[in-house]
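Below are two complexes that have subunit A in common, paired first with subunit B and then with subunit C.
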Partner chain A sequence: MDGTVIRSAALASLLIAAPMVAEAHQLVVFASVDCEAVTVEAKFSNGNPVQQADVRVLDGQNALLVTLPIETDGTVTVPLDSVDHSEGLLIEVDTGSHDNYWIVTPDDIARNCQS
Partner chain B sequence: MKRHLVTASLSSLIAATPVLAHYGMIIPTDPMISQEDGRSVGLTMSFSHPFELDGMMLDTPAAFSVTHEGATTDLLGDLESATVMDDQGYTLDYPLDRPGTYIFAMEPQPYWEPAEDAFIIHYTKTYVTAYGDDEGWDTDLGLKTEIVPLTKPFGLWEHNVFQGIVKMDGEEVPYAEVEVEFFNNGAGATVPDDLMITQTVKADADGVFTYAPPSNGWWGFAALNTADYTLPQEGEDKAVELGAVIWVHFEEWTGQ
Partner chain C sequence: MKVFLRPLLGVWLLVLSATIAGAEDRPRIVAVNYPLQYFAERLLDDTAEVLMPVPADVDPSFWRPSIADISMIQSADLILLNGAGFATWVDRVSLPRSKLTNTAKAFEDQFIVTESITHSHGDGGEHSHEGLASYTWLDPLLASMQAEAVADAIISRGLADAQSVNARLATLQADLAALDQQARASLAGLQGVAMIATHPRYQYLAQRYNLSIISLEWEAGVTPNEAQIADLRALVADSGARVLIWEAAPPAEAREVASGLGLQNVVFSPLAHGPEENDFVGLFSRSLALMSDVSLR
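What follows is the complex of A and B.
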């Protein structure tokens, strides 16, 4: 069910590891997923896309899988077959002065892959 | 004899039910959905007296929609019938696929109110932000009548002021009367006088009104105007009260 609190063990462990950042001029990070890839989007709270940042992809055990540069349109694509996503993924975006994260849960992958 | 008349008159006054303000209501489970909250929001729709927690019949709305990133989606067929405040209402669980502000809007069918000898149509809306992105919080939906927020309609502390512009047919309504009422759900608020169940403020010459609530919780703002058309009731043309209703949540202040 979409509206309930996500309770997976993988998410719980990711949440513990995830940075809790919410500053002025906030960085908004979101990741959508389908059967093929995770598409990461990052923008500032004024709507401007992030131009330069490191995107770190971690697995459900908080192990770093890959670090990618963000594109100038504020997005980056992570092929699912390039990472171990069985326990979900933690996506961190770090501009150097701002950082935030998005958690891709196993439920997200399953739900969007079915649709 | 004169004394008896006075007594009878007083009794009838005491027995009289106060005229309660009607409100269209759209109440989300949470106005600010974070990724930890899940991937959807629950909504409860009713036509009620929110302070008194007194429900009324909400027939199937004429329209129910969500607007996000400039696109409006019809959700009327997705509403689930439900009992709300002991009367007919509706619920909806809506998936939030992307960040941003989602504006849920309801146009009810005209409600015939014999006590006012008029129909009531409350164009009702509320704003929900998803995943830390507030873009779109000041969206003007272009409804027949509408309160367009000047203050971001979520993420407000209790006692913050809320400001909005009252519009009718896209134009500001000078000196519009705005009724304000608290959704007294679980709060146990009481009033020293029935006059305080519904408070009233007036907009300025530009249609802008301001209100600061005394507590956290859901507060409804209803700008009421008379339509420029009538509707038939038993062969007679009757006036139509058009309400522009917005529901805004204020958060409890966490400081000392």
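What follows is the complex of A and C.
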């Protein structure tokens, strides 16, 4: 499943509940992956990008590999050759008041690297 | 003796390898909660492996899987989703669309909007997040629709013989219809009786059978603290509630607190996890019987 499909799936699932959301403070995180990097996107449920957050990248044993600051457009790129992704990656986004996560499995990486 | 042992060992190895191969050939179904697992098992009758991977001590609504868990789930032949926002992990992973079934899609117009806990943080004043009540299976008629969605998913993917699945679906739906009939009889006496539930689980049950249930946010199986008891006392005074519904058997001390406030205690398992004894239909029926008993006192 490529990045576009992942993003669509995340937003579609959010849209089911979006009409019910009274306040725009839910944090939505999704990640796309190709052969070179994992691209993390974080937005609030009103569509506004997260501008300040720590993005933690953990391995399959929940060991912290790296912490990166999110860019002002709500994204951050994690080069695959900078982390041990053999067991997949757990991406955690923490704004200080909200947090959320996305899981990237070894199959996600392999599948998107072949496409 | 060695002359006999070698052939016997060979036969044993052949049987073992055939057993393992047979198990690997069976389709694998993953369900996000016990009711969907139960429906799939009833429909497949041991012709498939049906898994609900959430640990017994974890709320399936909010389970946070590991990477290995998701790798296993991604490899399943069918992934059964409850819908109505149940299982928050579903929106945090990539799942193959062709293997997904949202079992509540046919009745999304009947979803109940809830009000979650009010809170505040640095970027504004107090506010709350609306969400959806997600324990849809506690309405037997909605559960029947979910069972049908499971059957359709199994058949459309060729995971089992359609005739067999449809025959088992008819039996399962008959059991769920019987639960509905029992609920109508059991709960009729509780219409108009204000009740309190220790956790917001019973919205669809209340909607179907015209019950008035106010929900707290207590942890299952934990004795309430002083603040919670004070809240309960105020709620009883305000609502005139006469029944307290627990999602799990409470400690004796907690039951005494509730009794002291004039509440009748009843345990109604929400069935998100499989019971240690009995099964979905059996325990649901037992819970309805306990509710009926309360109404007759």
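In this section, the second predicted complex is superposed on the first by the 91 of 115 C-alpha atoms of A that agree within 3 Å, B and C clash if a C-alpha of one lies under 4 Å from a C-alpha of the other, contacts with A are read in each partner's own complex, and residues count from 1 in each chain.
By definition in this document, contacts are C-beta pairs under 8 Å (C-beta built on N, C-alpha and C of every residue); 3 or more make two chains touch, one makes a residue touch a chain.
Since the model is a prediction, treat every value here as computed from it, not as a measurement.
The partner of subunit A that touches more of its residues, comparing subunit B with subunit C, is C.
In the superposition on chain A, A:Val40 contacts neither subunit B nor subunit C. When the two structures are aligned on the shared chain, A:Val93 is found in touch with neither subunit B nor subunit C.
Contacts of A:Asp108 after superposition: both subunit B and subunit C are touched. By the touch criterion defined above, A:Gly60 reaches subunit C but does not reach subunit B.
Of the two partner chains placed by superposition, subunit B and subunit C are both touched by A:Gln26. With both structures placed on the common chain, the touch criterion links A:Val78 to neither subunit B nor subunit C.
Annotation: subunit A residues 1, 5-6, 22, 26, 28, 100, 102-103, 107-108 touch subunit B in one complex and subunit C in the other. If you check the complex, the residues on subunit C that touch subunit A are 64-68, 70-71, 74-75, 85, 90-97, 108, 113, 121-124, 127-132. Listing the residues of subunit B that touch subunit A in their complex gives 29, 35-42, 93, 95, 97-99, 131-135. Only residues 1-6, 15, 22, 26, 28, 30, 32, 43, 45, 47, 100, 102-103, 107-108, 111 of subunit A touch subunit B when the two sit together in their complex.
Remark: subunit A residues 1, 5-6, 9-10, 13-14, 16-17, 20-23, 25-26, 28-29, 60, 62, 87-90, 96-98, 100-108 touch subunit C in the complex.
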